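Note that chain A is present in both complexes that follow, paired respectively with chain B and with chain C.
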Partner chain A sequence: MTGSLQHLGYDEEKLQRASQQLPCREVQAGMLLSLMGQPQQYCYPSVFIYGHGASGKSHVLNVLMKELELPHATVSCVECVSVSLLFEQVLLSFFGCDAASSLPRTPSLSDFVRVYRQQSSQSPAKQTRYIIMEKAELLRDAEANLLPALLRLQELVEDNVTVILLSEIVWDQFRPNTGCFEPLLLHFPDYSKGELQQILSHDAHPSYSAEFYSSYINILLGVFYSVCRDLRELRHLAALNFSKFCEPVTTGKVKETETHKLWKNIEPHLKKAMQTVYLREVSSLQWEQMQQMEETETGAMRGLSAHTHVELPYYSKFLLIAAYLASYNPARTDKRFFLKHHGKIRKTNFLKKNEKTSNHLLGPKPFSLDRMLAIFYSVVDSRVAPTASIFSQISSLVTLQLLAQVSHDDQLDGPKYKCAVSLDFIRAISKTVNFDIVRYLYDFLLQF
Partner chain B sequence: MSKRKGKDTHLPIGECITQAQQILRERFCQRKLPDRPEGVEAQHRRLLELLRRTAIHGESNSVLIVGPRGAGKTTLLRCVLRELLEDKDVQKNLLQVHLNGLLQTDDRIALKEITRQLQLENVVGDKGSFAENLAFLLEALKKGDRSSSRPVLFVLDEFDLFAHHKNQTLLYNLFDVSQSAQAPVAVVGLTCRLDVLELLEKRVKSRFSHRQIHLLSSLTFPQYLERVRAQLSLPDHFPDPNFAQEWNADVKTLCEDKSVEEVLQRHFNSSKDFRSLHTLLVRLTGISPLVAVGSTRVIEHPVWNNPFQLPCLCRVSVSKPSIRPADLLDASRLCLADAKANMLHGLSILELCLVIAMKHLHDVYEGEPFNLQMVHNGTPTHLKEEGGGGEKERGFFSCFFCRTRLPRLEFKKFLQRKSNSMYNFEQPVVMKAFEHLQQLELIRPVDGSSAKTQREYQLMRLMLDHSQIMEALQKYPQCPTDVKQWAMSAFA
Partner chain C sequence: PRNAMPSIPSRALPARQPANVLEEARTRLHVSSVPESLPCREQEFQDIYSFVESKIIDGTGGCMYISGVPGTGKTATVHEVMRCLQHAADMDEVPPFCFIEINGMKMTDPHQAYVQILQKLTGQKATADHAAALLEKRFSNPAPRKETRVRLVDGLDLLWTRKQNVMYNLFDWPTRRHARLVVLTIANTMDLPERIMINRVASRLGLTRMSFQPYGFKQLQQIITSRLNRLKAFEEDALQLVSRKVAALSGDARRCLDICRRATEICELSASDPSALGLVGMSHVMEALNEMFSSAYISAIKCASTQEQLFLRAVIAEFRRLGLEEATFQQVFVQHQALCRVEGLPPVSMSEGLSLCQRLGACRLLLLESSRLGILQRVRLNVSQDDVLFALKAD
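Our next item is the complex of A and B:
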């Protein structure tokens, strides 16, 4: 396959070198090159490149810029919390630090354009200058006129400059309401499975054969491809789990060619990895340590989400239970659940047909403090005085973000809360105080 | 490199291509001024006459040029100015101040820019406050009169943004000067908003002359075709006339091609301004064999693989450099591609399943917002778990389906079909996929208060429509049949 880039305006050797670093991205690089044209020619004022994360947007641009030695400024919009940082970086990489220091302390766009014009009239562009903005979606949160101005920067500064925006979000979500200069859109498609395989197989381990490594990648993709197509993530997972894959080979139990046995060995391990290390429940360091100590079963170590158990005072637990019940039960069922002598309620009437969706689907409902306290007194068996400590416990539950205060209109008079804990959490809590919470939940009542 | 010996010199083909490319790029990217503006002769004459009266006779004027984006407002103004400045007197006399609403975001900055462009900085100095600067500038303008002082031309690009300044001080003062017998000024505003006069304050509006020049395109399709041809043709002064002739003939045949005409008609129907045409043509020069050959092209065209059929220099290019209809089709396809469908193509199968589930929810509940919990329970992934699990949750989920109006039959069928399914992901994995969708802004939270509610209960809206999802599903590489069936079932 002749996978090389070719272009009239550039040195062939450099192009060759660049194309070697861009596996599976020759088409996009070629398209980009043809848009850029020859270095001394004018390029389209702004180019918008979109595609999924880790589809090689920045990489392609970086390689091209570096290998072809084009003047460029790469700016990450995450770093530029204020526009002055952005302007400084651009001027710095085009004209050196003198230009950057000639900006006033809080520069406006007008200042930037003025300084840029001054500088470019002293050293006019012999080649197209490129400003590459990564994570361009953050530009939308900046001043309203920054993005439209950047899009027509070429016209404003009258210099051979092109702004390239990189983003994961489509251009439709960027357009300001009075319109702007439309950039040229360029899509970087996702890597197909074959391409992923090809790229991942590049970083094979030197002490094993290439086929061995690519069969490993094949298994890895078999497990993870349906969930994750992010090259970075996959590469990270491949690096983490390779030592486990080679283990039977190094101990001599299995030969390199026995793919099926290797697969049997690694597959449950990878499935476990999806639930732990892929979700960052277990850090990669912990994961590696776990692989070291063989006797402990992987996953025996508790992940992040297993640490949700919180030690609470006795009454706080009941307060939280009461809040949960108040949040997830309709108020009209309270009588049935919490009153000792509630009289007879007809079942058909009680289970209203029109309540189609359960609260566990819709999320917690807000409730008033009174209702919560009423439920609290009903579920606690002993007599509890409404002391200051009870009320301060409520507000400390809010600070722990186990409860959320809904409306801020009044702090003292009739505050409203929502319960912000999950069912599993509240079950664990109620188990510690021997309270069967499921019996009191309306959503689970229908089966009994 | 080029050595021209006479009129009929043959440049090497690579050189020709470079030259042609240079010319076309200047046209499309740099937006070099055309020799004369097309289709706006009347407006051109009117504006020229107006500005000439200011420049020569010292008449104060104000005018607004209104037109949609890409309609050629700046081009018109620049053409007029170029023509105006051909006059030696005018060139010596006229002062120009160019302001842009994007750059001069408030009156203070605008004022500084005016003093700078009028080269009064050294007079004013750095110390002046805004009020002092304004007073000085007005003084300078007031002192002048029609006969003696030099006329000033103010060009306000993005005029509507100036109307958002506080109290519209700048606009008021500029129009005021143009109304009273002071130094002759012409205020030219360029804007794309048709309702721009409604933005002006009453006192500002009353001082404006209400002269408007509208640039609304009245282009017919044959004219559009002609314009495409003209834009692609090489000029007469091209160094290699033979090449230019051949090229222009090629372009002519290209424009007569039926399929090309169809494509252009589609573009014409969506918009007829210069700029969208240019984006198409830039892509064309990008794709066409004029410039570069990517690897796929080499594979596509067997001729190019055979080095003996090509002159050695043109390994890059082709034996006959011309734009083929296929190139234009390619360019148009790239231009008209749906970005969201492109993004859907790159989703993982789990994320696609989530999108389908959301679509179903959207259909059943007639556009009500949804949260992750609903989506998750609607996906096939959980149905399976529920069938096998048989714990407390089982009751909960099945009771959800009893209460919903979802077509139960469909779900049951799907469940049976999926009995040995491979999709049983944990809730956190699904959550991660859901968050990825949110990150791509394919779904959006209904309200911004994200901190208050738990992540799985946050209400969301789907930002895709029916046809986009269906199209993406058709194009999805190796889409499992059962997923496709599941998606179809509810659409029918």
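Our next item is the complex of A and C:
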């Protein structure tokens, strides 16, 4: 496996060291090396590398640059909120502080090219310089001329420089409408299960044997591989749950080789972890604390999404219920639901055949303030005066984002709202005021 | 480089003397070698001359609006008028005057007009606001030297601002009693005052308007012959063809001269023996005309790659199917793959298809939306379907 990186012009020892740090990425690293050529040779002007998250794009480049000691500038496009930061970073890492400070305050692209040429004429490149742009998809939101200029920077500055763009998005969605210099496309494929196993087994615990750890990884992948192939996530989970896995061994109940018993012990624990830690319902710190405190059953703690209960004033609850009913019920059924003496409405007419699709699938519909207030007065048993406090409660529900105002055209005259809470939430709310909301929902009428 | 001024590089060697008849013809037909007197514009010349002369002699001010499509000799005629008047002033036939020219196209901002006028009048430099105030003062008070100023404003439409204060001032100053200012304005469209000027600006512009008609074919022919000045370089029929073609399309004299110059080049290249150059004939002129007037789209389609031509065909097929002039890339791509199979070519992948589509979009044969929409971006043709079919059928 090691030693597969071979290239003229680079130190054998350095290549060796680099390839040890790049497990399962020999092909891509070799391809990159052959693209880069020997240090003094000109490389392709721009290389576009794409692949999913945590497929080792930045890592491979970082290791190659560091180990082979190539002049490079690594720029994250997330950090560079303005182009001036980008230019500054590039100049700083190639030519030092003086060059970066010689840029004007709001540099344009031509300023950057001018300063770059000036500096590179003073210190010509002995080796190819590399500009590595991470999260390059944000370049599309920058000025329209930035991406095309970066793609042919070699031509513009007449220097041995190569721009490497890293992205999770394919090149087809980058191409500017006016055309540009086409970069060389390089794909980093996802790690397979075997490769993940191999990489994850690298960080074994020193006090246990390597086989023990790799059997642990095997169990972990058996549970998580179907939902998650992200190396970073898996690594995090492996680190979190390892202490639980070792527990029977440390207490002396089970020997290291008894894999089946270990599996029996850890498997329900991992399944619980998928529902809690993986969804970030429970933070990693809480998870570790829970593992230490034996008595509390893991998962018994309420996660983040269980905290949906919000304390609201009495009438606000009814207002929210009214809003929910107005949002999810068709307006023509209001008479049947909320009027006491609604006369006879034939059942066939009321339950229209063509309304098969549930309103809960289609999402909330906008309703007017009048309709909501009418429903509100019908569901509240006591007499409520339409005071300022009622109306201010409506607007505070909007600011709490429990209601959403749809057309922003007029604040006062006939505003329209949508209800933005889930069914579980509204059920919890209506339970606190002893209101059976399900009886009033059109979608659930057929079931009773 | 903070104060660097852009400039045209200076000529190291003196310009070469024309070696043969065709080169001689080329220098004479160059747009920059404006002749002493402009043929076919005698009437307009006379009108402008008498207008400006009467104003100068009376010592009053006034405005004149000159319009006409590009290449009808507006600027050249006005310059000729000014040259003649200057000559007359030197001969003491008319009172002395000074001539100021500003061009809207040479300004970064309409308010720069004040600065330029002030600089040309007095040599002073000032900010736009200050210059406006100074000019205002200057034109409202009686000037020490009674001298009429003639001002030429070229490219008037670019001096338009939202409040139109620049235009208003330009036309308001001549109406002042002490101003003694004659303003000649040049623009491309005849109805500019009605279209973009508010009433108080348009009324100050007055009704002295002149429109330069496009040249007819006889006039164009006369212009070329007067330029060539009995130099025997063209066949009579060739000249007639050029002037008829140009007159039918635009009546632009500059375009006409360009074509003639190109024809001399073609003639020179086609001649096998450089010493025995023939006259510029019909074939050369035809070739030059084709170069100038033929659509580049059709030749672009003809030279496109097989897959690109296939993609265009798929676009048209999809338009026919939908009955619309617009389709998403996805729909076109399905057609494209079907066409590939019919033609016996290996079907292209989605990203190859996208790059084909975006390449055609980059050379404006297609109109596309932003590429980040991916396969949902809508595709429209930028050329007519008939043109595409013609270009694809030709081979």
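The working rule: the second predicted complex is superposed on the first by the 444 of 448 C-alpha atoms of A that agree within 3 Å, B and C clash if a C-alpha of one lies under 4 Å from a C-alpha of the other, contacts with A are read in each partner's own complex, and residues count from 1 in each chain.
Quick note on the criterion: a contact is a pair of C-beta atoms (placed from the backbone, for glycine too) under 8 Å apart; a residue touches a chain by one contact, two chains touch by 3 or more.
It should be emphasised that the depicted structure is a prediction, and the values quoted were computed from it without experimental measurement.
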item: First, second, both or neither for A:T178, with chain B first and chain C second; value: both
item: Contacts of A:F337 with chain B and chain C, given as first, second, both or neither; value: neither
item: Touching partner for A:L109 - first (chain B), second (chain C), both, neither; value: first
item: Contacts of A:R140 with chain B and chain C, given as first, second, both or neither; value: second
item: First (chain B), second (chain C), both or neither touched by A:M31; value: first
item: First (chain B), second (chain C), both or neither touched by A:S226; value: first
item: Touching partner for A:P364 - first (chain B), second (chain C), both, neither; value: first
item: Residue contacts with chain A in the superposition, chain B compared against chain C; value: B
item: Touched partner set for A:W263, first chain B, second chain C, both or neither; value: neither
item: Footprint overlap on chain A, comparing chain B with chain C; value: 170-173, 178-179, 182
item: Residues of chain A defined as touching chain B within the complex; value: 1-9, 26-27, 29-31, 33-35, 37-38, 41-45, 50-52, 55, 108-110, 113-114, 143, 145, 148-149, 152, 154-156, 168-173, 178-182, 184-185, 187, 189-190, 192-193, 225-229, 274-275, 278-279, 281, 305, 355-358, 360-364, 404, 406, 418, 420, 422, 438, 443-444, 446-447
item: Of all residues in chain A, those that touch chain C in their complex; value: 140, 170-179, 182
item: In the complex, chain B residues that touch chain A; value: 14, 17-18, 21-22, 25-26, 28-31, 69-70, 74, 100-105, 109, 112-113, 116, 160-161, 192-193, 275-276, 279, 282-283, 285-287, 291-296, 298-299, 305, 315-317, 337, 339-340, 342-343, 345-350, 371, 373-374, 377, 392, 395-396, 399-400, 403-405, 422-423, 425-426, 428-429, 432-433, 439-441, 452-454, 456-457, 477-478
item: Complex contact set, residues of chain C against chain A; value: 350-351, 354-355, 358-359, 361-363, 368, 370-372, 374
